[in-house]
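The following pair of complexes shares a single chain, chain A, combined with chain B in the former and chain C in the latter.
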Partner chain A sequence: MALVLLLCGAMSDTPSEYQVKAVFVYNFSHFVEWPSRSFPVANAPFAIGIVGADPFGTRLEEAIRGERINDHPLVLRRFQDASGIEDCQILFIDRSQAKRLDEILASLDHRSVLTVSELDGAAERGVMIQFAMKENRIRLRINPQSARAAGLVISSQLLRLADIVNSSVER
Partner chain B sequence: MAKVLSRRASRDPGRPGLGGRLAHTAALLLLGSSVVFRVEAQDLSTTALKSLSIEDLANLEVTSVSKTSSALSSAPAAIYVITHEEVVRSGATSLPEVLRLAPNLQVLEISPSNYTITARGFSGNSAAQNFSDKLLVLIDGRSVYTPLYSGVYWDAQDVLLDDIERIEVISGPGATLWGANAVNGVINIVTRRAAVSESEASLSAGNAEKNASAQGVLDVGPHGDGAVRVYAKAFERSAFDLPSGPSADDGWSKTQLGFRGDWASGADAFTLQGDFYGAHERQSGAADGSIAGANVLSRWRRALGDDGSVQLQAYYDETQRFGASGSGAFVLSTYDVEFQHSLTLDGGRHALVWGVDERASRYDITNTATLLFVPPQRTLNLADIFVQDSIALLPRLKLIAGLKAEDDPYSGTTPLPNVRLAWSVSDTQFLWSAVSRAIRSPTPFDRDIQEYLGGTLFLTGGANFKPERLTAYELGYRGQPDARVSLSISTYYNQFDDLRSIEFDPATLIPLHWGNGMEGHTYGLEVWGNWQASSRARLALGFTQAYETLRFKPGSSGLLGVAQAGDDPEHQAHLRAAIDLPRELTFDADLRYVGTLPNPEVHAYEELNARLGWRLTRRLELALSGENLLHAHHQEFTVPPSDAIPRRALFTARTRF
Partner chain C sequence: MTARTESIRRSLNRMLLIASGAGLVLISAGFLAYEFFSFRQSSLEQLQTLSRAIGSNCAAALAFENPEDAASVLSALKADPQIVAATLYDVHGRAFAAYPQGQPAAQFRARGAHAGFEFGRLGLTAYQPVTDGAKPLGMLFVRSDLTSMYGRLGIYTVLMAVGISVSLALAYFMSSILQRRLLRSIERLAETARAVSERQDYTVRAEPTAVEELAPFTQTFNQMLAQIQGSEGKLREQLGRLSLLQSITRATAERQDLASMFQVVLVSLEKDLPIDFGCFLQYEAGARELTVSGLGSAGQALVARLGLSERGVVPVDADGLSQCIAGHLVYEPDVTAVPFPFPQRLAQAGLRSLVIAPLIVEKQVFGALVATRLQAEAFSSGECEFLRQLSEHVALASHQSRLYGALQQAYDDLRQTQQTVLQQERLRALGQMASGIAHDINNAISPVSLYTESLLEREPNLSERARGYLGTIQRAIEDVARTVSRMREFYREREAQLTLERVELNRAIRQAAELTRPRWSDLPQQRGLMIDLKLDLTETLPEIMGAENEIRDALTNLIFNAVDAMPGGGTLSLRTFKVGVAETGERSVLEVRDTGIGMDEETRRRCLEPFYTTKGERGTGLGLAMVYGMAARHSAELEIESMVGRGTAVRVSFPAMSGSLVSNVSAPDAPRGPARCLRILLVDDDPLLIQSLRDTLQEEGHEITVTPGGQAGIEAFTAAHAGLEPFDVVVTDLGMPYIDGRKVAAAVKALAPATPVILLTGWGQRMIASQERPAHVDRVLSKPPRLSELRASLSELVA
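For the complex of A and B:
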């Protein structure tokens, strides 16, 4: 098949970690419900924010390009650090922000933002969805308490796939 | 010979890929712009990933940025893993057809409901009442070989094929960790956790069969931290023809229901699963038969600190087989409890596993006039205790030493040691070697039978029948010579002693009895490899060579010759292609060659299976598949009555919810 030959050597066969994580983040927009007050107008953008370094390269942008959720166009916003975080519906907290995690989560209090991170133990510290790796597969660790407190409803289809985590006792 | 028993007596480094779904952007490629091509190429893979269900995403193996290449399995054994994707893309509709995918298994189709599956020879010889009896087969930890004669009734073993996570096929004696009867190999069928199973329904129809199945997955638990799947399947398989032409009249139909629930809470994980089935079988030249069975299994596993864990498992399994009145029947109930503890010592230098297993099998046989089990009711107790230590001698060299003590119903306790060396020569090359002891312990068929011919007792079980013994020496290599190529080479030398033979009564000649008068050795080579030719095409090649030299010990009668142990081909080979085509199409083809079976003679044959799949939408997939496409009929075995295996085609529609 000519098309098969054209694509020879284009890519390695096993997808990379961040390719799949980017698609997961895109999928979260479909498996979580935000309260209607999150969107001031009917077609206000649905923003996915990244605070810290961007580990996805162009993957997350590719995954959301041209997509809409309930008529809200998906956009990507990048923030350097905790102080610069503007309105967004999903916030990916990069590893580089490890020391400022508590500060970031406190600043999001009372706002319906779905927090996502790869940091070890992030879910116990209140991050709503944490990526973990097990046997070369991406595992989700979800803290439903955190999500509920922010007014977010996580679909049971997503919860079922995940390891459920409770917040650790406050220090 | 009871038709029920003889008829049923069967003779015995994977890559998930993407399952390619090129979107409409494939059309853009035809515009020829190289810039468009480069950018679009990346879009295509993200687009492909976005069309997967969230359960599929969670099951996808990924390469980590930090690792140089995909992890090379460091199991010191000749192991082939049939992945979920291989199962689905093969178009197979039964477990024996799925098992054809393993290059280290011999799969022989005899009738719509009867297969003989074995590894490394000893497929048996039904005329000599010898069967494939040296394989341990497990479904989710439940042992499914029958304790009555150590073979497997393949018509009674089934799962919803879409629920298969992987099948580990190990040729050679199972290491200490595996249960009893792992002499020539272990087939470990593992199904997916409920949480990553899919709600779906499927219908298929063709010239040889009709299938229907459905499955639902539900959440359980207060925080949605558990799930249950419930499935039902039913099928009809048409009769085949006899080699001489007329129909063998051996079609059958079966229904099976089952469930599996998994819950996790902190470091604990629980599983509860069960199945229930019934089938009606027409038999060539005999009255109709039926089988029914049910099983339930529970498992608890707790992860301990330092990579340790404990696991407790218990199951109950009931099997019944009936012929019409006069042709024998049995009911078999098995209770099994097993405990395993794994821990690390000395800062991880020692990885220890130990465990105990207790199994009670109670059977109740309805004897016939010509084949009797005396006594017809008995409870067999099997127990074993094992320990295995994996010692890191050097950072890349491990010594694995294990000992199992197996207490069999008839033969008492036998120690079964094995020693393995595992050397990770580099990140991409691995060498292993092993020396092991295994036994095929006596069964009621070996010890308790009485067979009558024309009113005269002509064969009895051996009152002193001993276990068949194996000492196996193995050497293997596994490597990735190139990022796109993986290769596995295993060799073995098996020394057998006390293999079953037929002996004369010392005083009166008749009745004959089973003895342990055969011995000998087998040796062979098993090679398989994968070549990821492009991101859309994968080729796989495999071949095995096996040689047997068996002889009778001094004093043995030599009746029926050494051919009774097995009718095994010297060569087997396969060539497989998996191609992702544009427009959501996938194509898979599997060409196999099986060499001549020596005695009774069966011609060598080549055959081709193929499947064209079409994913119309994210939820609906259609497929057209065919088996044995090269010839209208071919023969895989000659055990009378052994059918002419036909060419078959099947159309499948599957929808996910």
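For the complex of A and C:
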């Protein structure tokens, strides 16, 4: 229903950047495989975390409302800092966290958390998926090394759509 | 019969082509249908697989709104040339990407959220929702062009059409070959049947066929032919026998005597049935033997070996012959096995099979037909039946021939009798006529004779001239009387005066030959002719009873005739011989034969008639008539055999002497008048005659009383008898009105039995024919009465 409303809303006017990005974030859950150990229980919620300011407003919430990933209900978690971020499956790192990016990444410490950011050069710094604007369109930059290191498998389809980036700093 | 005929070959071919064509078409259609559906199915599956793959590959592109990527994914469809178009719609129904690239996106009708397909005009369209897990992202439409499939199906169809055509052609070819084998058999059968029906040749046979179904048919057909051939053969045999029977029947019908009938039957049988030997045996009811009455001519050598001969005798044993006599047809297939004389006799002659068929007429076996052959068991039942029928025919024919013979005999007898009766009747009529003429002439000349005789005797004063005239008259009268008496010779049978004596024919012949010598020797010699007389006399000839002078006269007449019949000379044969035996009556025959002109049939038939002559003026026509009279009076048979140009033979056959003897009483010359004067009563109705008689008898010195009729005569005699001077003699005419000479005589004898009665008659012969001599009459004198005879009778009777 939410999708229909979303679609209706989308049909009415051109979707905004973050509306698209919210859908993208949600869509990542379909093109990335998490190891089963990333869920403490079988029906543990699939958490999408936002660390820093929330650029999506309610759009991400709307996008995931009522949706499930397999048996996992989707939940949205917001973090002000790095504490507790490891309990997410997808972690959107807001631009506001540019300085604490390395810290955040280090705190994740190879946990199976898909990191997503719109910070420029984030992918090179170790974020797994980076939104980039190119020709007025949202493009993806993906660092498969980071994902592999976190035990995540990114679908080749997704990889095919994205620019592949390697970490500039070896850690 | 149907109006329309169709050859089996054509029907079979058509059936085969239809059947195999239909089969092939069905199979092809099935195959094509299968191909079509399986191809469609595989196309569909392929398309669906493809659209699923493409769809899932497009999921990320849709999810992350990357149409380029979607287009590049769609461009992979290039690998399948059947894919003509594909369009990827996003979740909002907008065309997101399309294939082929660079062309406007193909429009597809919106569908639900489920996968599916659609066969349409443009081809096969598959639609596939694109999802990321459960969430719909868009919809992919892929269209596959089916022209290649149709092309393939078209190729298939063409190939199948070619295949079907080739198959049909092959099938036609094969079936033609096979059919030719099959039909060859049928055609052979048909040819055989045609040969049979057209040529009536039942000896042909249908060739054996290799076709299983036709084999019993051919066999049955051949059996049928064999049966027809057999029946036809039998029929032909039967016909042959029938025609043989007919020809034999016709041949026998033409023959009337048994012997030639049997002969013709045997010849036909031996030639045409054929048999090797055949004979007929005749059988008398109750006899124990059969008589051979006809022998086949073919087996002369066989006949010699058999020892059979015409009229030979075959005894009847308890063998086939006795069976045959009982009326049964007997067939012995092998006579060597039959231990009886007749079959053994046949067996010894080399004959083996024997058929004896009885000849039966009116339930009586009168003979048997024997047919034999050299081979054993050589007679079929048909031939036995034929022989039985033939024997029936022969029996009937022979019966008819017997009946015919009897009929012919009866007819001949009847005709003979009729001719004899006719002849006799004619002769009798002539005799009567002659007798009447003689009577009248005798009556008429009686006075002339009496007066002339009386004048010559009693009148010494007659002039020489008168005496000469009277002498001439007397001779003329005598000539007349002789002619009349010769005429009477013919019709009188046996006069009372005729006396029989022993006659030696040989002597009579010698005498006659001697008497007639001038006629057969001297006269012809004067004319330079030669008549050769041959006497051929049997010396031991039985004597006969007869009048020698009559016989001599008859012989003389015959010799004269013979000489007259040989105007150019010839041989005159006189023969005597004996026929018959003593028991049945011997006969002595005299024969006068000449080598003269002979007589034709007409003359031969009429030659015995009086006054019938072939000698014109020279003949009296009485010669042979007289001979006939003589023969009749002697109970002899007269036989005349003659052939024109060859001569004539006349035979008179006398019965040999039976023993009764009459002494030769020759009338002696009467004494010249009685010694005394007699009282004579003359009774006659002829005034001239009675006048002349009275005159002459009175001149003799008798006392004459005349009465003009019978009644007056009786009255006169009665009166005189009652008176003192009865009559000494009564002379009466025979034929008078009312009271004739016999009644007068009877009356006279009733009164005075001792008084002699002399009967005068001009009829003479007729009276004597009815009764030997009339009762009460002492003497019969013919007219004209000779004075001398009267004198003699008177003196004799009154002596």
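Here are a few things to note about the model shown:
Here is the rule we go by: the second predicted complex is superposed on the first by the 153 of 171 C-alpha atoms of A that agree within 3 Å, B and C clash if a C-alpha of one lies under 4 Å from a C-alpha of the other, contacts with A are read in each partner's own complex, and residues count from 1 in each chain.
Going forward, contacts are C-beta pairs under 8 Å (C-beta built on N, C-alpha and C of every residue); 3 or more make two chains touch, one makes a residue touch a chain.
Keep in mind the model is a prediction, meaning the values are calculated, not measured.
Contact with neither chain B nor chain C is seen for A:134 once the two complexes are overlaid on the shared chain.
Once chain A of one complex is fitted onto chain A of the other, the partner contacts of A:99 are absent, as it touches neither chain B nor chain C.
Set against each other, chain B and chain C touch different numbers of residues in chain A, with B touching more. In the superposition on chain A, contact of A:110 is made with neither chain B nor chain C.
In the overlay built on the shared chain, the residue A:161 is in contact with chain B and with chain C. In the superposition on chain A, A:37 makes contact with neither chain B nor chain C.
Of the two partner chains placed by the overlay, only chain B lies in contact with A:144; chain C stays clear of it.
Looking at the shared chain after the overlay, A:20 reaches both chain B and chain C. Annotation: chain A residues 3, 7, 10-11, 20, 24, 27, 31, 137-138, 140, 157-158, 160-161 touch chain B in one complex and chain C in the other.
Those residues of chain A that touch chain B in the complex are listed here as 1, 3-4, 6-20, 22-24, 26-27, 31, 58-59, 62-63, 133, 136-140, 144, 156-161, 163-164. Residues of chain C that touch chain A in their complex: 57, 59-61, 63-66, 69, 91-92, 132-133, 135.
Chain A meets chain C in the complex at residues 3, 7, 10-11, 20, 24, 27, 30-31, 67, 69, 137-138, 140, 155, 157-158, 160-161. Across the complex, chain A is touched by residues 15-18, 22, 26, 29, 37, 41-43, 45-46, 49-50, 52, 54-55, 57-65, 70-71, 195-196, 217, 219, 223-225, 227, 264, 483-484, 532-538, 579, 581-582 of chain B.
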